[in-house]
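One structure, pasted below without further comment.
A, B, C and D label the chains in the order they appear, each numbered from 1.
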Amino acid sequence: MDLPSISGFIGSLLAISTPILLIASLELLVQRSGVINLGVEGAMLVGAFTAYVVTLYTSSPLLGLLSAIALGSLVSILFAIMAVYMRLDQIVVGVSISMVSIGLTSYLYRLIVGYGSPPKIQSTLIDALAPFLRSIPIAGDTLFQTPLTPISLALPIAFWLLLGRSLVGAIIKASGEDPSRACRLGVNVAMVRTILLALEGIASGAAGALLSIGYYGSFLENMTAGRGYLAVALVILSSWSPARLLPTVLIFSLIEVAQLRLQASGIIEIPYQLALSMPYIFTLAILAISSGGKKAPRSLGSSEYEC
Amino acid sequence: MRNSILGSTVIVLIIIAAVLSLYILGGALSPSPQKGSSVASPTARSIKIAVIYVTPIDEPWNQAMHEAMVWARENLGITYSYVERISEADVERIIRQYIQTGYDIIIPHSWGYHQTTIKVAKEYPSVSFAQGSGPTDIEYPRNVLVYDYWIQEAAYLAGIAAGKLTKSNLIGVVAAYPVPDVVRLINAFAAGAKSVNPNVKIRAIFIESWFDPVKAKEAAKALIASGADVIYGDSYGAEQATEEAYRSGRTVYFFGTIIDYSKLAPNTLVASVVWDLRPFIKYLVELKTNGTWVGGILNWGIKEGWAKLVWNPSFAQRNQALVADVERVKQDIIEGRVSVPIIEDWDPKRWG
Amino acid sequence: MEAGSREEPLIVAKDIWKIYDGGYTALSGVDLEIYGGEIHVLLGENGAGKTTLLKILSGAIRPSRGSIFIRGERKIFRSPRDALKQGISMAYQGSSLVEGLTAGENISIVARAAGINGDELGKRVMKTMEDLGYQLDLRSRVSSLSPGEKQALEVSIAINAGRLAVLMDEPTALMSTASSQLLMKLLREHADNGKALVITSHKIREVAEIGDRYTILKRGTRVATVTRRSLDGGSVIDTLIKHMSPQGLETYSLDISGAIDPGEEILYVDNASIADDRGIEVLRNTSFRLRRGEILAIVSIDGRGVKEICEAIYGLRRLRSGKIYVKPGTRIRYIPSEVSRASIPEMPVAINISMRSIIGGRISLLDLEEIVSSANRIIEASRANVPSIWKPLKSLSGGNARRVIAWREAMDNPDLLIVEEPTANLDIASSQSIAMLIRSTASRGAGVLVVTSELEDPLRIGCKWLILEDGTLLDPRSSKRVGTIPGAL
Amino acid sequence: MPARSPRLVTGLLIVVLAPLLAISILSLFSGVNAVETIYWVFWGGFSPTQIPETMLRATPILITSFGLSLAYLARIWNIGSEGQILLGAIATAWIGLHLGGLGVIGVIVSTIFGGLCGALWASIPGLLRAYRGANEVFSTLMMNYLALYLASYLLQGPLRSPTSLFPETATLSRDLWVEPLIPGTRVNAFVLLSPALIAPATYILVARSTLGIKLRVIGEGAEKARYFGIDAGKAIVATMFLSGFLAGIAGSTEVLGIHHRALPSISQGYGYLAIPVAVIASLEPRLILPLSIYLGGVVNGVEVAQMNLSIPSGASYIIQGILLIASLPMAMRR
């Protein structure tokens, strides 16, 4: 491989990994605080939809990004109300929120935009920031695939420090390890979880916006295609360690990119379904090998606790 | 726990209150209960056509039909009703309900419906059916007309342009599923390219989704990275990769399918292979009003104007010689001098 | 010193009610006044409502009715955080520190809630731990501490985090005797500095000497509050016991002459080593035997290894080395220290009683008649207070639930009965009846193994006992390692 | 058992009312009279002429939620029924193509075979959970995706009918068709048998048998199960096997009774619709039949409303999601 194609490869890798990494980093904190949020898929989709519609009507990708963030966190807060305050089953609430989001975005798309080939927005988020991004020396084009790529790469490192050596980190861990006891130590567990979920909503909204107004410039029904669920699974694969999250997401994205290039190269004849199922087989295999449950935050997935 | 009981009681009360207020609001807001309803409005003698879609109307195969129907509603004065996302299991009930409410033409717009169409059509010989694709080797009742996505001639023409344009001799295809009607077009496209450039190689990626623009874009990027300088895409997203390459100073041509991509990829689009169903609907309405409905398999092509190669105006302006060459072959097809192969299975080795 | 008349009470709890979801009334209209500078002891049987009252004062649970006043001002505690802010801290039964975090992290979380500097609190906690005879490394995980250390840490944090008042629920239950005495001394110092200290304990002897005032609860109501000065010169203990149960209590002396001759050997632990969840060996290369009709108590001085030894013999835990021989066909039953490990607390009492036979049998329809009759049999034998056999087990108080489960296990015709912490958190009367249960089970021909951290248990039961110290079994009379004494058992 | 929570009543009301509320709001959005929408939903779902179709729709939901309710009793959160139904259906079609001419025996064999394939598919996440501690919610979700790809491969590759241009198997021989029993409807033997067998079976197993209690003990965690002498690992695999078996059977009934061939779209989200029904049925098994019918009717009715009022089809996802959430207040028992 020559240099430009390597940089193209890394570029593709980062393009695929940025939204997943954004969500997964926050989902890691959320899970460390004891909540498993499958509603990210919905928050991401709502983000993608909002960003598209707002950008379409205002021609401002930045405004689109901001509204995606706002509505993404709203979806997450809705999840928090049901799963944290009403203490409904986290997993079912998450799946339902995602399901409703698919329906609602496709429904509203029909009402607001219409049907058929979606009108392209005037300029994408990347277009809007391209001159600035390109001007960054050396890695400008590769590393700064999107304005959020550097942030997404920095988040796991920041969270590694946060969890390892800060009071906030201790409070998050306490909420996830044993919410009843954390509450007795004076932690407002519900508030901790809600704040983290709201932050995750922001990340999900931004990641969704990246898909619609960042890479593609348009919105399609269910365009997140399970990426939110994937982020949740990758958190589990990385054994809830921010240090392992970055390599895990990158390896996973690598498989995804390699899988497409493998099909493109025509070197190996495999059923394309097998190529496409690679990420899922990979996930299951890692789940099987890593005997995941042991390192999980002790109260992960359970909404019930008492003081 | 006590709170949760209290909570659910409150929720129930809220829901009851909301439902009640919606009933009242609903009554107050909509001036006429007929609004948006096409069932209860049997306007004077207009033809009533119902289309049943297996997926949402946004999908290109459906979109082509829906746009033609909307055009027909405005220009031919027909009544049009449709349902989306109807599984094969449910289509029988839906067809019967449409028949009961007096629809003249039922268009089950999916291969998977054909068995049900045959079954119900036998029971209602006076109702006309247009079945959207189905096996060609079985017998259909006389009131069933079968049509299919026969636009491979236009794809063949696109292939000729592609074969002439490529310098790397590698053409990439990004497609949804290797189902026959998709593959037929890819094969025709490949055959067209081979006919003018025997050294050309075709490489296809199936992304196994009608709607995953990000995956489609990444697939196209992967193809470009492995040397393709022409991309033929039947799935939203691929054109984004060529536009991006264009912005970074590399020329990769793009061909779109079914809908016109000139707004989506203004810089890199050469032409779109378009399916235009308007003449077909007009034909159906005429058959029905004249009482000359006939069954059988409709075999239209580029001659009847429902398969079209729509050039990107800006490309055409710059490459008039190429356009003229391709248009000559189009004339040859219409006049029967060139026949386009129909290959409905996908063998990656076939096109090198 | 006398705090009572000197000033306004610091904390007043007025007409406190607590009715749990299952309908169980833990407190019915309790009043309590707590003064600054006093040590206030709460006494009462199991189910009297001591823990519930403390939890309400610390904000951990909310009263169904009633109000709390601090210095005459009405306060509503929504969570322990609110109480901590007001300067009220609590040390829970056992420990309630977050196990996965380090001691330092736990301390800094509390410090933040209480509005104190974390480093300073850390230093003070270390000092207190030292005073209690423990060495603490702030970086060590709570899960790696022994039960005694955890409890000491919990108490040390509470003592230093509560500016106004410190509530302690059974603070010495798992601490060594020496540390307990040091703690009592420490409490007095803190009281002299003006703090209010509220403490519950089943070990009346221990608290008899240090309390300024005693409040006695019974079935959720206050029976009496007595100041120490008002107690007549005689024995404080006698007076307190008289208040708690006017009809008096049986003494500990038990007739052990009825024990049958030991029968065949049913358990042989052969050179076994057992490790706890962290991999620390709690029993090292140890052998002992048990025969039918025999009761053997193992007393762990620091509380380590109690659960692990029971689990290993019952078959829930793997041995690190060695072997346990149980005579083939032996029916083993096991009464764990926590009811929830042997029941489904959300399911009705009756189902929990029949759980063994339901699960042991083939899949079939439930025999409701059989379930009701065995439920009645067990409840009658255990004299547990069960309002309805179809109410969830968790609606019973801790002591009553424990009785039901203990009797279920003991009356299921075991050949070998394992009893873990027979009297933990049980009042005197319940402890007595559990001791009787153990003896009668043995006299019916079963071997009974009791593992406990309570020195008084073997006395209460009247049986042979061994001391477990640092993974080794010692004969209490000679303090020699059992494994080396031929024919010790 | 007599202990009954008052939550059940409120919970049930929520399940019934929430979708109506959602439908009403959606209609208002698209400028359609909410009353009219609800009329069409009920007409399409519950008018006498539509009841047979509703029963048809309810059958796979009923069968699947029976298996799921047992798994949920043990707190094994199998959400992979969709994939299990799909593979069960394909397996049935595959073996059915080899069993032509065997008549009733062929029907029975292929139904059981479909069930077994669903069961084997479900056993994989079961084994992962039991022996590797892998969270079954994820593994079953992943297995759903895998099932879709596997089905796509099988139906486009080895199993594709030589005469079909689409991914589907050949049509089964006529003697394996489970034909409608009531003329003019599609009500076949499965549609009649399932309520008669499954509704009482659920009640007996969940509420009146020792199995129900065993499953609940398993749900309390491996340690407690071992205390009572249950091998939790084996029990988890067995429970997953059973719930997968029933999901597979649901797929079989669709193939044998309706399609007579396997298609990628054989399950119309039955695997997901069964989740709220199962959650409730694990608490109050007597509700399994009315709820399945209610859901089947609402889903059918939404289609009819869509057809008559041009409401965008995204509505049906919204309704499904809301039904899921609405079933939850009843399921809170952690």
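Here, a residue touches a chain if its C-beta (ideal position, glycine included) is under 8 Å from a C-beta of that chain, and two chains touch if they have at least 3 such contacts.
Treat the numbers as computed from the prediction; the structure is a model and nothing was measured.
Visitor: Please tell me whether A-B or B-D has the greater number of C-beta pairs in contact.
Guide: B-D is joined by more C-beta pairs in contact.
Visitor: Please work out the Cα centroid separation of subunit B and subunit D, and write it as a whole number of Å.
Guide: Here subunit B and subunit D have centroids separated by 32 Å.
Visitor: Just the number, please: Cα centre separation of subunit A and subunit C in whole Å.
Guide: 46
Visitor: Residue numbers in subunit B touching 2 or more other chains?
Guide: Subunit B, residues with two or more chain partners: 4, 7, 56, 178, 208.
Visitor: At which residue positions does subunit D touch at least two other chains?
Guide: Residues 30, 149, 152, 156, 312-314, 316, 329, 332.
Visitor: Which residues belonging to subunit C are in contact with no fewer than two other chains?
Guide: none
Visitor: Could you tell me which shape the graph of touching chains takes: line, ring, star, complete or other?
Guide: Drawn as a graph, the chains match no named shape, so other.
Visitor: Using the contact rule from the top, write out all pairs of chains that touch.
Guide: Touching chain pairs, listed by label, are A-B, A-C, A-D, B-D, C-D.
Visitor: Using the touch definition from the top, list the residues of subunit D that touch subunit B in their complex.
Guide: It is residues 6-7, 10-11, 13-14, 17-18, 20-21, 24-25, 27-28, 30-36, 50, 53, 56, 149, 152, 156, 163-168, 171, 186, 254, 258-259, 263, 265-266, 268, 300, 303-304, 306-310, 312-314, 316, 329, 332 of subunit D that touch subunit B.
Visitor: Which residues of subunit A touch subunit C once you look at their complex with the stated criterion?
Guide: Checking each residue of subunit A against subunit C gives 167, 170-171, 173-174, 177-178, 180-188, 297-298, 306-307.
Visitor: Can you tell me which positions in subunit A touch subunit D when the two form their complex?
Guide: 36, 82, 86-89, 91-93, 95-111, 221, 226, 229, 232-233, 236, 271, 273-274, 276-277, 280-281, 283-284, 287-289, 291-294, 296, 301-304
Visitor: Subunit A touches which residues of subunit D in the complex?
Guide: Touch list, subunit D to subunit A: 26, 29-30, 77, 79, 124, 128, 132-135, 137-139, 141-143, 145-146, 149-150, 152-153, 156-157, 272, 275, 279, 312-322, 324-325, 327-329, 331-332, 334.
Visitor: Which residues of subunit C touch subunit D in the complex?
Guide: Residues 314-316, 334, 336, 341-342, 344, 346-348, 351, 355-356, 358-366, 390-392.
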